[in-house]
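Next, two complexes with subunit A in common: one pairs it with subunit B, the other with subunit C.
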Partner chain A sequence: MQGTNAHWWFVGPALFLMVVILLMPIGIATGLSFTSYSLGNPGADFVGLENYEKIFTRSTYEKMFGATFRYVFVVVPLSVGLGLGAALLINSTRRLGDLYKTIYFLPVMAALIAMAIVWEFAFHPTIGIVNSTLERGCGTFLESWSWYANGCERGFPLWLTDRNYAIWTVAFIGIWQGFGFNMVLYLAGLTSVPRELYHAAEMDGAQTAWDRFWLVTWPMLGPTTVFVVTISFIRSFQVFDTVEAFYPQGGGPSKSVYVMMFAIYEKAIQQNLMGIGAAITVVFLAFVMFLTLVQRWLIERRVHYS
Partner chain B sequence: MSETALQGTPSVSLASFRFSTAETVKHVVLILGSLIVLLPFYVMVSYSFKSPAEIMQNTGGFFGAQELFRDDYCIKLGRDIADCMVTPIIYNYTTAFEKAPLLRYLVNGLVVTVSIFVIQVLVALPCAYALAKLRFWGREAVFGLVLFCLLIPVHAIALPLYIMLAKVGLTNSYAALVVPWTISVFGIFLMRQFFMTVPDDLIDAARMDGMSEFSIIWNVMLPTAVPALLAFAIFSVVAHWNDYFWPRIVITGDRSLFTPPLGLREFKGDADGDNFGPMMATATIIVAPLIVAFLIAQRRFIEGITLSGMK
Partner chain C sequence: MTSISLSAIEKSFGNTPVLNGIDLDITDGEFLTLVGPSGCGKSTLLRILAGLEMPDQGSVTINGLTVNNVRPANRNLAMVFQSYALYPHLSVAQNMMTPLRLRDLSFAGRLPFLGPVVARERYREMSAQVGETARVLKIDHLLDRKPGQLSGGQRQRAALGRAMVRKPVAFLMDEPLSNLDAALRIHMRSELAELHRSLKTTFVYVTHDQAEALTMSDRMAVMMEGQILQLGSPEKIYNDPMDIRVAEFVGAPKINLLPGTLDEAGHVRCGGMVLSRITSNETVGSITLGLRPEHLALCEQGALESLTGQVVHKENLGADIYLHVSVLDAAHRIVLRATPDEGTSVSIGQTVHFKRLCGHAMVFGKDGGRLGLSNAAHESVAEVA
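And then the complex of A and B:
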């Protein structure tokens, strides 16, 4: 084998594509982010840091960061928490575990754009199943909850068009879609926890399931948790389908759902402002790469929170 | 989890069928969760069966009454009223295919996902083999580059990719849908890890038999890699069949290139009260293939989708 050049034929195509498709775009985005380029114009003006200055000072982009972080910091903890909770429950029941697992995994398989359109129906103020179900609870004990009583009296919220609810509703759909994925990763993690550890923990006086969870399960799931959290971050940072389906123009009521991917799409593709789109891309990449690096660093330290 | 673990292997006994409060509470929670998870699927399938009136008034249960109703569009075409009475379910599903070229979208989706997967394998497999089994100058550097590229989500660099494609005049083409995905660094990484476990003796024996490096890849390594490839295939096909963001960016207006998600989105754009049923039928048709495949081969799918967890 040595002395032949076969390996370059094997590595060459992949190397070429990696450079052209993955590395060059980063360079191009960085370069364009200092210009006021538009597609179709022959040249572009160098504007220095102006685009970045806009991103970090203008209120539109403040809303963009607000919406993105609100979304991410709701979806990540809840989809990880629910994923873990579901995995623990499924793992501890004696029957039907596989059935629940299948059901919870369905949203991961379904095209999000299709399900977003269906959710829009479900949340429809007049013909939607969500509000009509809530109305059925009126006049029961639920009315002692002031929010509920209020809904019965003046109508339940316009989930997707009220700016106090919109981002949370979109986040809910994100959680609905993602937690089954986390659940499956946790279920895989749970199978690798050695059973003897639970016996040992019991000897040490960990009597309740709660104690055993904190003493054994949670530390042993450390590496899984690091991975699940990172991948949830990266996935939720990239939210786009639901936002575009609900708010094709402008990013929702008062721009309250104007997330970063949608901002890139709107600025660069719809409005042909490539410079500012490129600057958002660079900031976005910085976030995502930073998160992945933190994850790798944690994994390499072989996380076991103890 | 801890309970079963502590009891060791719970022997099948009468005890396990006894009523237990903790067990009941768990099932109540899990069933409530299932209902919320299934809600949109229920809405989607149910609406795809119902007539416009039933959708608007929220009547008819799951299947709808399936009473004949008048298709106004058909009457507009000047046909006899008696010929224009249709059953909701048939109306919804035929309209889904007639109003938009749904079949074309499905074929596009298939062509795009299959081409992406095939090219990914053609590119990644030889590279992974070289990285795992050949010694050459620069190998560590190439592998380092692979590890670095794993950090880059392709959606995040969509904008510069779009500009590059526009510059070479490739937007609005099949190539635009496929090209950015031809390189899967994840596939390279995965296959490399897999090939590392293949014994060197196997390859040496093949070389002894006078096989070229090229035929070793396709005749020796590929067959051993089938399980990993299958998982990767599922991972890749699910991601690209469902992808909406990238097609949205590079395909503008030309319906003949629409993938299923784009077709559905456009349907939504000009849907009015009468078209909710057909729209839900379209959604059902688009979501169904993967869901059905998943239900048939669950274990494989879960392996494939969570493959990224193996890093």
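And then the complex of A and C:
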């Protein structure tokens, strides 16, 4: 190795590309986040931590974090749980498994922006299928549920435009769209669980499906779960297209659906405030980075058993 | 008194029949080996006994109760799998405790965190049981390790420990030694046999290795094509095989088979050899003569009833030397055992003479069945000689 430069030729291209397309943009964004730069301006003023200060003090950004975390902490557990449930059910049926797989995977393949239009119709307060279906239930036993009785009396919620419901409705669409992907990942994980472990569990006295799940399936799916959870977190942090489709102006009723990605877009692109946009991007990056580190740590420490 | 019996078991996967009417009675405390080549259905039979497969026909009885519809978990059997099937996320101690936990604890006792508090007494007993079993198997220093950190032999012991920790009706073992290296396999053979002697529990052991079957079992069942060809003690199977397939399968090196004829007087002729014993079987015609390598011995040229051939290969095992000799106009190849004294001087290509040791040859009819031989009157021997 001494005296030759061959090693640079091997790592060089990858290193160059990594610097140019990954590290440099991050560096530039970080640099911009300390300025008040706007696109088209010849120069920019250095403003120090002012942009970050705004992010952590102003109520708009408080709403941004609120909306983002609500969305993330609803979508991640539910889409992971439903994905696992669907995968286990599909794995246990001999027939029609492929059909179910396709059905549950369809929302993943569909363009969310197009699906958003369909959902907008469905959630429409007067002509939408959701509320008209709910109204049919009025007068039945469902009215014993006070929320339902309230809805029958005063009309069901305006799902997308009520600030108490908007973020949950968007989260519901996020779950609907995302769990098929998790299901596919879990199905792949399930195929790698050795059949003999189930037989061993059976011989050891695991009689119920519950016992077998906790003894074999869940631990063996550990690596898959860590991956699925991380991917779901990152995907939910990145939610943008539903918000943009439903609320092109301003992030929903009283900014209740003002998620981070949308904030970046609104500040940096629509309002041309590159500095603050870059600062939100850096905060976003920090979250994703943190999640990735947790995932690495978990994978190395806990779920790989060999 | 526990006995297990399988009667008229039939099983097919799709259109492929795997087991054709197996009857097998396993007595309490015996070490029974199911041995046969790959695909003979021995593992399937074991899995039917365990309850992991359902037989198409026939019944499985344990302790006089038909258990066809009883779940594997309720049959009170323990199984050691070929791949060991240890839970990779649990330590050896937890692996061994799993059967106790699942069988002896209530739902509350099995809860994580809370369980050990609720059923503290029971947990202490279980740990004691695990510790004791681990000491017997000499794995007590490994109890905190995960299976991934163990060597093949240690994993094998851990799997045995998981089976042994409770007192099952029988141990079922599906080729448990086949993933070990040769030296360890031979060591574990004796260890398993000793374990069986000390536990006095029924062992049902599946293997494709006839040496394991011969060395360990009280009785062995030789299976082929979904049938039990012969069931008996290892000595009986080796010395007195009832079928040519059994004779060929058991014994290493393989038994030598030579074509021969049966004359009207009941004498078997093969090359220059005529067996002194006669068969009462009336069918005259071609037969197969079986001679084990240790029943042949080198001799002087011109000795009575000797065979002559050319040495084509020589295997030196230290204590024995096996000579591969092509005989009968190079149409057949015979393996014979020679002592190192006789064998070392023999070189490949050399012509050697050898004869059979009287009274050991086996004769198989055209259908593969064994033909009985008996000593004929003295004068008739003289006549042929």
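Heads up, the rule we're going with is that the second predicted complex is superposed on the first by the 283 of 306 C-alpha atoms of A that agree within 3 Å, B and C clash if a C-alpha of one lies under 4 Å from a C-alpha of the other, contacts with A are read in each partner's own complex, and residues count from 1 in each chain.
One rule holds for everything that comes next: contacts are C-beta pairs under 8 Å (C-beta built on N, C-alpha and C of every residue); 3 or more make two chains touch, one makes a residue touch a chain.
Since the structure is predicted, the reported quantities are computational estimates derived from the model, not experimental observations.
When both complexes are superposed on subunit A, subunit B and subunit C sit side by side without a clash.
In the superposition on chain A, contact of A:56 is made with neither subunit B nor subunit C. Touch criterion met: A:219 reaches subunit C, while subunit B stays clear of it.
In the overlay built on the shared chain, the residue A:73 is in contact with neither subunit B nor subunit C. In the superposition on chain A, contact is made by A:202 with both subunit B and subunit C. By the document's definition of touching, neither partner reaches A:145: not subunit B, not subunit C.
Of the two partner chains placed by the overlay, neither subunit B nor subunit C lies in contact with A:46.
Taking subunit B and subunit C in turn and counting the residues of subunit A each one touches, the greater count comes from B. Of the two partner chains placed by superposition, only subunit B is touched by A:111; subunit C is not.
By the touch criterion defined above, A:297 lies against neither subunit B nor subunit C after alignment on the C-alpha atoms of chain A.
Figure legend note: subunit B and subunit C, brought together by superposition on chain A, show a least Cα distance of 6 Å. Touching of subunit A by both subunit B and subunit C, each in its own complex, is seen for residues 199, 202, 216.
Interface residues of subunit C, counted against subunit A in their complex, comprise 50-52, 71-74, 77-79, 81, 83, 85-90, 98-99, 102-103, 146-148, 162. Residues of subunit B that touch subunit A in their complex: 1-6, 8, 10, 16, 23, 26-27, 29-30, 33-34, 36-41, 43-44, 47, 55-58, 123-124, 126-127, 129-131, 134-136, 139, 142, 145-146, 149-164, 166, 179-180, 182-183, 185, 188, 207, 212-214, 217, 238, 241-242, 244-245, 248-249, 260-261, 264-265, 268-269, 276, 279-280, 283, 286-287, 290-291, 294-295, 298, 301-302, 305-306, 308-309, 311.
For subunit A in complex with subunit C, the touching residues are 194, 196-197, 199-207, 211, 215-216, 219-220, 222, 303, 305-306. Every residue of subunit A that touches subunit B in the complex is listed here, in rising order: 1-2, 4, 6-11, 13-15, 17-18, 21-26, 28-29, 32, 39, 86-94, 96, 100, 102-115, 117-119, 121-122, 127, 129, 132, 176, 180-181, 184-185, 188, 190, 193, 195, 198-199, 202, 209, 212-213, 216-217, 224, 227, 231, 234, 238, 240-241, 244-245, 248, 261, 264-265, 268-269, 274, 277-278, 281, 284-285, 288-289, 292-293.
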